[in-house]
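Have a look at these structures, which come just after this line.
Okay, so chain A shows up in both of these, paired with chain B first and chain C after.
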Partner chain A sequence: MRGKIPNMDQLLQHILNALILGGTYALLGIGLTLIFGIMRVVNFAHGELYAFGAYMMYLWVMVLGANFYLALPLAVLLGVMLGAAMELVLLRRLRGADIDTTMLVMIGAWITLQNVEQMTWSGVAKSINTPFPSSPLVLGSVSLSWNRLFVFVVALALIGATYAVINRTKLGKAMRATFQDRDTAALMGVDINWIHTATFALGSGLAAAAGALLGPVFVVVPTMGDLASLKAFAIVILGGLGSIPGATIGGFILAFMEELGAGYVSSGYRDAMGFLLIIVILLVKPTGLFAQKERIG
Partner chain B sequence: MKQGLTIAWLLFLASVPLWLNNLYVLHVLIMAGIFIIAAMSLNLLLGYTGQLSLGHVAFFGIGAYASSLASLGFAVHLLPDWQVSVDPKPVWFSMLCGTLIAGLCGWAIGRLSFKVRGAYFVIVTVSFAEVIRLVALNWVELTQGPMALNNIPYLRLGIPGLFELSFLRKPANYYLVLAVGVICYVVIRRLVHSRAGRAMIALRENEPLAASVGVDVTRYLVLATIVSAGMAGAAGALYAHYVRIVDPDVFLFIYTVTMVIMVVTGGKGTLAGPIVGGAIFGLLPETLRALEAPPEVQWVTYGVLMVLVVYFLPDGIVPALRNWWHGRSAVAAAPAPEQASTEAAR
Partner chain C sequence: MMSRTFKTALAVLGATLLAATASAQDTIKIGVTQPLTGAFAASGTYVMQGAKIAEEQINKAGGVLGKKIQLIVEDNKSNPTEAVSTAEKLIVREKVPVMLGAWSSTLTLAVMPKLEEYKVPMLVETSSSGKITTSGNPYVFRISPTSEMEARAFTPLVKSLGIKKADFLATNNDFGLGASKEFSEMLKRENVQIGTMEVMDPKATDFSAQLAKIKASGSDTLFVTTAVEQITLILKQAKDQQVTARIITTGGSNSPDQLIQQAGDAANGSSHLVFFTPWFPEAVKNPDIARTFVALWNEKKHHVGGLTEGFRGWDGIYTIVEGIKAAGKAEPEAIQKALWGVKVKGINGDIAFIKQGPAGRESAQNVPSVYLVKIDSGKVIRQ
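== the complex of A and B ==
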């Protein structure tokens, strides 16, 4: 509705924004899809790990005054530790339980974590200072803040590192084996308990990294995890539950849809794009775009 | 003897406004009652057909919005030069509309989302509720968005010129909620003990087996969704005309979670379960408030209780009590039916 000739500069700017956002979405999606694929757990607390990462960033940078670049890995590490603790305390004893049972437990964990955050930090939105210059980087007709560029580069690096862990290390091999057939993997000497803890910790770490990266870009509020969880589900369903390349590409597709939808349709429905996407995908091609062979009925 | 107990309970519940002078406590009971109706409707899906719908609050909210809008009247432009306007309708008719529209949405959502199961079904229902919430927030012309629908009229029943019952005050609303609750209970009871109800339970226990003996899977799942959505819509309509203000926050996911906690704690797949669970979680927030705990404590308690219930009372309170009772009266305690079902599901 903005004139008959599409404004190329505007379109370019939207595409650039979508690329940047897509990197962090992919991080969220990969974490969730790993946990579902290997553990068969629908992790409703995923978004809370995202919020946790952002709050840890706030704690280190704004409360304790730590260096920004040092705070980032610390926040991610704390996310990994929280993930491992959640797996050990909450999920370990539910192994083999049906999917609804673990889902209920994760919903309980989600509510608890979110409200503990609210009690600790109050509901007031917090912002995090960054060491980046406030003037944006101008490339021809489009501009880009340094902070977002940093977010994008780190997100891509983390995605690359995750692929390397999954495809090149012994742990990754054991994870893939567990994903394909848990019982056979166990018979081959894979320690399933350890794989589950490692998977949940890795997935949680990725979510915390996304939160720690995006926290300084936006603001940090206790409810930020809700949309993150639901968007991560959209990404994962788009790509096919359990598919890591699917989650990566799904993250970028969702970012493009949101960015273009907000720019050209209505900004109020920006967050609805993901859910419409979920509904359409599940009705048209329920296995996702990058289907793993799986029953869904 | 069992019937006598039910009648005694009903008489007790009906007598509450007569001896209870504290209007605030009565308000708490009314809200708990509305949530119990919503939880009973969710139980039909979650407990009897075994489908975990996490979008149930959407039907509650649709009922609330549809009923309020019908009673207030509205005018919207569906196309720039095509306006649809509705004049204010009487409240009883609006509430009926709210119930029917919620049921209709249940039909549509059931038809669409029962193509998938398990985790996929859960996520479709969550997405549906979230899309509806965003529509309620952004379609300002119809819903007033975040400004909320105000001054929703209260229910008036009667014959013009002869007599009129007005449901403005709390005791009247209490009886209204109690009456709707009893109707919903009877409907669910009759439904689950009917042929259709047995088909639903068969689907919960073993879907391929039920389908193989000729149970029309989609048909019964959609039927359960329609009834369930309609009841949730009725609860929403009761809420709207009691509180008399409706904003997009009625669609918050936390309310779905509250209903799920009520059903799971009380005992899914039992008639009394949602009532017991609803009573506990309907009254718990007020108890915590009386102890001057901040509101977050309530949600933290919900979260922790949810985890504890899954670990220690996986079937819920009502089946656990029933087993304990049977264990006392009979030497051999029968295994809980839910245990068999979870094993069959795996």
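== the complex of A and C ==
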């Protein structure tokens, strides 16, 4: 540590890293917050859908030899299907059950999915080839990989698409209605069963998309979902339970906290930074940053 | 009707019990606790596979004390709490007189109090934290090098590699922190300037913040201590962020073959401290044993990247069996005494134990061979 003015290049690199990381954090957070907001389900299996997306990407690209850009939507589609299946088989039966029972079932699903992944793919890390150049994109004194830039752009597009679905479509309207008051929405002719399946499938698809996007950036291992779940929960609590703008902004805030905290305070506390911030925010605003009153009642 | 069912059940139960005692007399059990699931699943599985190959070979050659050996493998799930229960289960339920384990330093340290409690020796095959052999546990027999030994073996290379200033990036546990401490102390003694010392969560996948800081420090060498999964990501991300420092990994859980496969050209130019060199078996002390092991490993079609990890299982089981032979009986205390005197020709080199730790309560430590290899144009070369 030198006591001089912070190195400008280093600061720029930290900011760039945080922006890129924030995009994927937001994607993870939105899927989880959507499921909690509408279904009141604490989805512990969220990280496993992230891992599932990554493994499906591996399956298509590395095992079956599919084109990278084609494999991506296929992996996400499989994630959507797994999500829908989980809702139909597990959650539909638990509609009236209390939140703790559902939570336990989701913990079971988490453990089961993770162990199935290890049985199928073994514990050895897998890597996925990408069509991007291996030399990084250099912008003056900072640089980033093409793959991460691609991830960032697609993540933003997916976040935009999710907003559009929620705010501009009939399905979105029905989702928002269910969110506000399930019983009234049902009386107004909203098919609650279908909304729940669609919500869980959409949230799962977003998690799978994050996994399919990040699998090639990192390596694919059966335990990769644990950290993703942890981050997603932090983001959702930070942003306010059930709030989509909250999860989006929360994702970026967490990324900036981690990146700058590790860069200028201590890398040993990188993951503690985010949680420190959560404690501070919850002390000041116990519902999280963006949860509106009528949305939590 | 009822009574017949009951009698049948009793007969079945009795038969099972008899069978259990019969098999217990036929074989000598050796407990193995390794991480077969969780974060270290890949490495733990390789060690277990190496141990199984040794079991087969030993039994083919007639076993020990006229009996066959039988490995009882328990999965410690990469979790210290689980590691303790596997040890307890192996000792109390399976009644193993000796164990092999537990891969990472944190897992081994968790198990150690149980060894003292039940007075059962454990052969430590991978862990490198100094604490394991200096805390005064006489049931620990370690064949892997401590971080301090690794650092000492590295000393002559500081000059030849021209290291002037070094940074550190280590996983935030007993293994990583211990290695960073030992290597930085050694480098300071060699008048090398120490730049920044960074750590990372053992589960982390993104090291952008740490690498940005390392890049800014302007060192010529970066020492990395963690397992192969994180090393893969560090090599890739260092390339993305244009970190120019030479990367040297320590700890021997770095599987250069897996790095070449998964990090691609980002692995080129990196150097790795390993304890077995399957690429050139002629470089090790006992090349014939090394060649036999590589051939058997390939015959089983195990992952080629696992050889640098799997050999530990082989060396561990051979050392344990030598201890049983010298003890003349499969009893914990006899084996513990006998292990002190064994001399084993292993894949890493000649295995024998010296005393470490407080007088009267010494742990046993082997002095293993350490090799530095480099990845160059997608191939492993000697350095």
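Definition applied: the second predicted complex is superposed on the first by the 278 of 297 C-alpha atoms of A that agree within 3 Å, B and C clash if a C-alpha of one lies under 4 Å from a C-alpha of the other, contacts with A are read in each partner's own complex, and residues count from 1 in each chain.
Simple rule for what comes next: contacts are C-beta pairs under 8 Å (C-beta built on N, C-alpha and C of every residue); 3 or more make two chains touch, one makes a residue touch a chain.
These numbers come from a predicted model, not from an experiment.
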{"item": "Partner chain in contact with A:237 - chain B first, chain C second, else both or neither", "value": "first"}
{"item": "Partner chain in contact with A:191 - chain B first, chain C second, else both or neither", "value": "neither"}
{"item": "First (chain B), second (chain C), both or neither touched by A:181", "value": "neither"}
{"item": "Which superposed partner A:226 touches (first chain B, second chain C, both, neither)", "value": "both"}
{"item": "First, second, both or neither for A:111, with chain B first and chain C second", "value": "first"}
{"item": "First (chain B), second (chain C), both or neither touched by A:93", "value": "first"}
{"item": "First, second, both or neither for A:144, with chain B first and chain C second", "value": "second"}
{"item": "Residues of chain A at both interfaces, chain B in one complex, chain C in the other", "value": "115, 118, 226, 268, 271"}
{"item": "Residues of chain A defined as touching chain B within the complex", "value": "36, 42, 90, 93-94, 96-101, 103-105, 107-116, 118-119, 226, 230, 233-234, 237, 241, 266, 268-269, 271-272, 274-276, 278-279, 282-283, 286, 296-297"}
{"item": "In the complex with chain A, residue positions of chain C that touch it", "value": "36-42, 44-45, 172, 196, 198-201, 203-206, 208-210, 212-213, 215-216, 228-229, 232-233, 236-237, 239-242, 258, 261-266, 303, 305-306"}
{"item": "Interfacial residue positions of chain A with respect to chain C in the complex", "value": "1, 7, 9-10, 13-14, 17, 20-21, 115, 118, 122-127, 134-136, 138, 143-145, 148, 218-219, 221-224, 226-227, 258-263, 267-268, 270-271"}
{"item": "Contacting residues of chain B [partner chain A, same complex]", "value": "52, 112-113, 115-120, 122-124, 126-128, 130-131, 134-135, 137-138, 253-254, 257, 260, 264, 294, 296-297, 299-300, 302-307, 310-311, 314, 342, 345-346"}
